[in-house]
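Take a look at the structures listed below.
First chain A sits with chain B, and in the next complex the same chain sits with chain C.
Now for the complex of A and B:
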């Protein structure tokens, strides 16, 4: 314990300092387990294979303490066209803001509420699920999140279909230099359909740590679409851990657009645990300045006849650095697995860097698994083609980069929501 | 098709590991264990100059501070480094054979069994000349065609001899590609290496024949630590092949070799390996631990190094033949077939480090797992900021035969130059049922059909091997997979 780095120790010391609003024996036990696991080794270092390319020493400037809320200008939070913004939850520094939120009418079988509310009014609802998916082994960041479980969102859908998406906004107030650890739960059962559109933003100057965790349980033919937009402020640090467990014929679609912040690490583990389970993991990352963007995914095919498809593409400019670590694991006996993974990166400047580790670990023989990786600059021939037709170079470049990235949006996001992400990518190109 | 027919014949002869005999030869061994005295003993036996002894001791001191790596995807019980002999030499060769007539007839018999043509006449009768350096346990016992090679200025001799006869060259290049502090096993090798081959190809010389080394571990409880150094001076070309076998024994034997290649301007080195160390029996008892460091420095402009390996033996294989592409326009290639069966484990691949402008590299790796074996491709492609216009293409495919084996792919790709292009593709699948059906329908037995399909799967690599060895390698594929189906 004494070997912990100062920042790791600071997080451990917070345990006594934070006054949790909700308490229950099972919840205290869960927090304690998280803290104990985190205390053993502290924050991960590049010496760990899974953290080889990402160094969390940037957290040194972060105050491990958690701060209260401050006033937020609600106009900054609008990002969806009004017809889509019908169920909205806003969190500031990890805490639910009921006055900024509007959950609206929900059909039968659908529960959408803040975790703090659930813990206060219906603790039995979340006790069954919270902390159930995935252990802390090799997951120190998730352990840290668990040690400070307090608020986040809960979406539970049973035998129901939501026509409009659930909108979630996580706001981090930069001037705080503080840390917060939102904990979220998504449960979909019995052919339920739900779409969650999530936006993480940083407001103001300065740094912060947003360390969120998501537990996703999709069962019996249910389908969850989980789309995330990461727009952290320049000095913000965004860590997130998604742990998803898929049952029979369940589908989990994840799309992440990482576009700002000093450092982001987005970790997704999906476990396909019954026949017919399928996951689509897609992502786009764009970097500039000295941004560091890490996408780490692991897909575990545990039983026969499950499938996965994964595409991540990025464009890196300035001195930015992209990291892609993707693993497909096929367990002994998981015959009939179909796993495909692809990672492509455009390097737009001399100082940008991409480090990738697309990994296959296969213990069954009747499988089809493949991964592909490419890195390089824009194709000169395509550029020449556009220029020869009178398109100025800057525009031609934008067209090519956008075309390259939009492909993933078209593949990974349902049609109604594609424009939200495409516009962001276009804005990023134009602001360069 | 002749080679395929031979493969089929070979499989039908239901041969197990045919090199598993032991030769009864009196051996001169150093006492068991590892300490400074043993290193001094080895150095004294080899009549080495002071600087080399110091280098060994420095390596040993460093080794004591190191920890055995645990990152490869292989499992084995801890190795007791004190329970092994670090020097074993056939006694009759004590004073070094002056000619082949002085070599112990039993030893010659051994090499005959191995099919290595030590007698020059036999080789002359063959299609093509191949110069052979044979290393038995720890020492080089015979090198053929020395005179013919000397005419061209090519130096091909045991490294212990090179230390005496060409000290400047050895001193200049030894450890320049794999420094003594490089990794656990390379450092151990630096401390206790006993022999290996030394090759120097002078400027502008196209080496007139294939050079070849055969390694044989015979004595029990010995580790073999050979060190090979090949230097291709400006504009020279050489093709080199190594082959390895060992007797069948219940205990595991350690083989920790180091191979260093240096290619200067416009030079070209082709290094082929057919690794057939004893893999252990079908229950995973015995076999060689093959922990090898192989690295090439493409120092000169337009230099080229090509590694080709066919890995069928060893209980555990742990090696990554690499290229450091320093010179502008230099080329690195890696062609590999790794076959594992029964309880074999292989963690192998390559590293291509691109430093110079317009450097290019190509990696073709084929892994075949059968039985209860585990095979891993692990590789690194690194484009450094100055590697303008560098290019890499990687293709690694795995084939699984049976329910209990595993195949893994762990590539690391790091690109820090926008003009560098990196492409990587990997697939894993089993033998297609329709291919198997097609063969079976035509009266080919299941086992033969598998050998046929696997040979097709490996074709891209096999065709990179020198002609003489391609046939041998194809046979090996058949034998290695024996008992994997049905």
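Now for the complex of A and C:
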């Protein structure tokens, strides 16, 4: 323990001081296991291969001991067209706000509630799933989240189809410089279909750490669409860990738009564990100033006949820095695997930087795997084409950047929700 | 209307145009023919303002204004249009949005009111019918996955909606089969008018069966070396450019 950095030690000390609202032997044990794992090495450093390009020493500015209060103006929370805003859960600094939320009517077979409530009302169901996918060995950030499990959202869908999306808003209230660790659970079984639209925002000035974790279990023909918008405030730090496990003919679609905050690291690990499992991992990242945006993904093809398709694209301006680490691992015997990965970055200034690291580990013979990585400036030929049609240079540049990024939105997001993300990208372009 | 005098231009250190003179009056259709490497495409890029082409001598005056001083988008506003030999693919930008941005940009430049989405759709559909372009093509990203014929029809559609006073057609026939050539040729011919001049750049005579020129020039080694009527093109088709290449060398 004495080797821990001051900030790591502060997290450990704080965990010991928290009076968690829910307690049960298995839950206490889970938190304890997370704490012990985290305490062994503390926060990751660039000495670790997976963290070579992202340095968390920015967390020194965060007061780990603070837990912010929760006064918030509900007008800041609206982001969806009204017809889509039918099941809404709001969390402020990681804690569920029932007065700001409106879960609405749910069909049979669908449970949507806060983890804090589920721990009280359905402890058996939570115990069955929580901590089951989220193995945190070599995942210190997830271990830290686990040590602080208290609240988050729970979505469980069985043999049901939800026509409208579940809306989640995570608000980080910056003035308290607090750290919080929302823990979320998504379970879909038996051909269930569900869409989760999630927005992370920061309100107020100052830094904070939002360290969320997601366990996603998709089984037997179920389909989960998990779309996230990361709009943290300027000094906000957003870490997230997704662990998804896919069963037979299950599909997990993930889309992430990372567009603000001081530093974000979005880590997704999908394990395809039965035939017909498929995942689409897509993302768009935009940065300017000295923002740092890290997308790290790992797809495990464990058994034969599973597939994955992954596209991440970014536009980086100013001195911003992007990181893309994409790994595909095909296990011995996992024949018939189809895995495709692509990462493309537009560098809009000389000082912007992208560090891209592809990693294919293939231990089976009969597989199709491909990856492609590019980074470069806007294509002069395209720019001239648009200008020759009378479109002024600045507008032509915006059109090209938006078109480049919108392609991923069209590929990765169901049609009804594309405009939500395209509008954000256009706003980002116009605010530059 | 377009007056080119003693135009010299180079790409990098290589001089391509070596004293080109050309005058095109309003409503006239001129064809420029010539062997590969004569400077045909360079002329179209110099006139449309592409970067990387340096004019070292000479003048280009268009409707009394110095064309060479203008940015590409200003030239478009002034009425210059280049139909590209190789139209550029723009992923993620729908053809419809691209056309609307282009048309409203030049309308704004020309002091005309901009179209809203509904009016624009009506306006475009009038043109797409003539060129046999379906709505699905308008929804697709600009030139992405278009066949050779679709790309060239899309170029002619752009020309139709932007209503230029000077249209430069660079090797518009390249990559077209006979049917596509006919549709494109008829599309262009339908756009002929007393206010619109055209410069048709081509290696082969066949496009000129559809777009019948008033004047035909031969460009070789960076200069106009011969000028005649449409029969000159027919002669060239028969005899090739051998005589001119030798003369130039």
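To be clear about the criterion, the second predicted complex is superposed on the first by the 429 of 432 C-alpha atoms of A that agree within 3 Å, B and C clash if a C-alpha of one lies under 4 Å from a C-alpha of the other, contacts with A are read in each partner's own complex, and residues count from 1 in each chain.
FYI, a residue touches a chain if its C-beta (ideal position, glycine included) is under 8 Å from a C-beta of that chain, and two chains touch if they have at least 3 such contacts.
Being a predicted model, the structure only gives us computed values, none of them experimental.
**Q** Using the superposition described at the top, determine whether chain B or chain C touches more residues of chain A.
**A** Of chain B and chain C, the partner in contact with more residues of chain A is B.
**Q** According to the stated criteria, A:268 is in contact with first (chain B), second (chain C), both, or neither; which is it?
**A** It touches nothing on chain B or chain C.
**Q** Between chain B and chain C, whom does A:392 touch in the aligned arrangement: first, second, both, or neither?
**A** In the superposition, A:392 touches chain C alone.
**Q** On the A-aligned overlay, A:407 touches which partner chain: chain B = first, chain C = second, or both, or neither?
**A** Touch partner of A:407: chain C, not chain B.
**Q** Scan A:154 for contacts with chain B and chain C and give back first, second, both or neither.
**A** Neither: A:154 stays clear of chain B and chain C.
**Q** For the complex, which residues does chain C have touching chain A?
**A** Against chain A, chain C makes touches at 48-51, 71-73, 75-77, 81-82, 84, 87-93, 97-98, 101-103, 105-106, 109, 141, 158, 162.
**Q** Inside the complex, what are the residues of chain A that reach chain B?
**A** Listed in rising order, the residues are 49, 332-333, 345, 347-377.
**Q** Could you list, by residue number, the parts of chain A that touch chain C in their complex?
**A** 380-382, 384-393, 395-396, 399-400, 402-407, 410
**Q** Note which residues of chain B are touching chain A in the complex, please.
**A** 71, 383, 385, 398, 400-430
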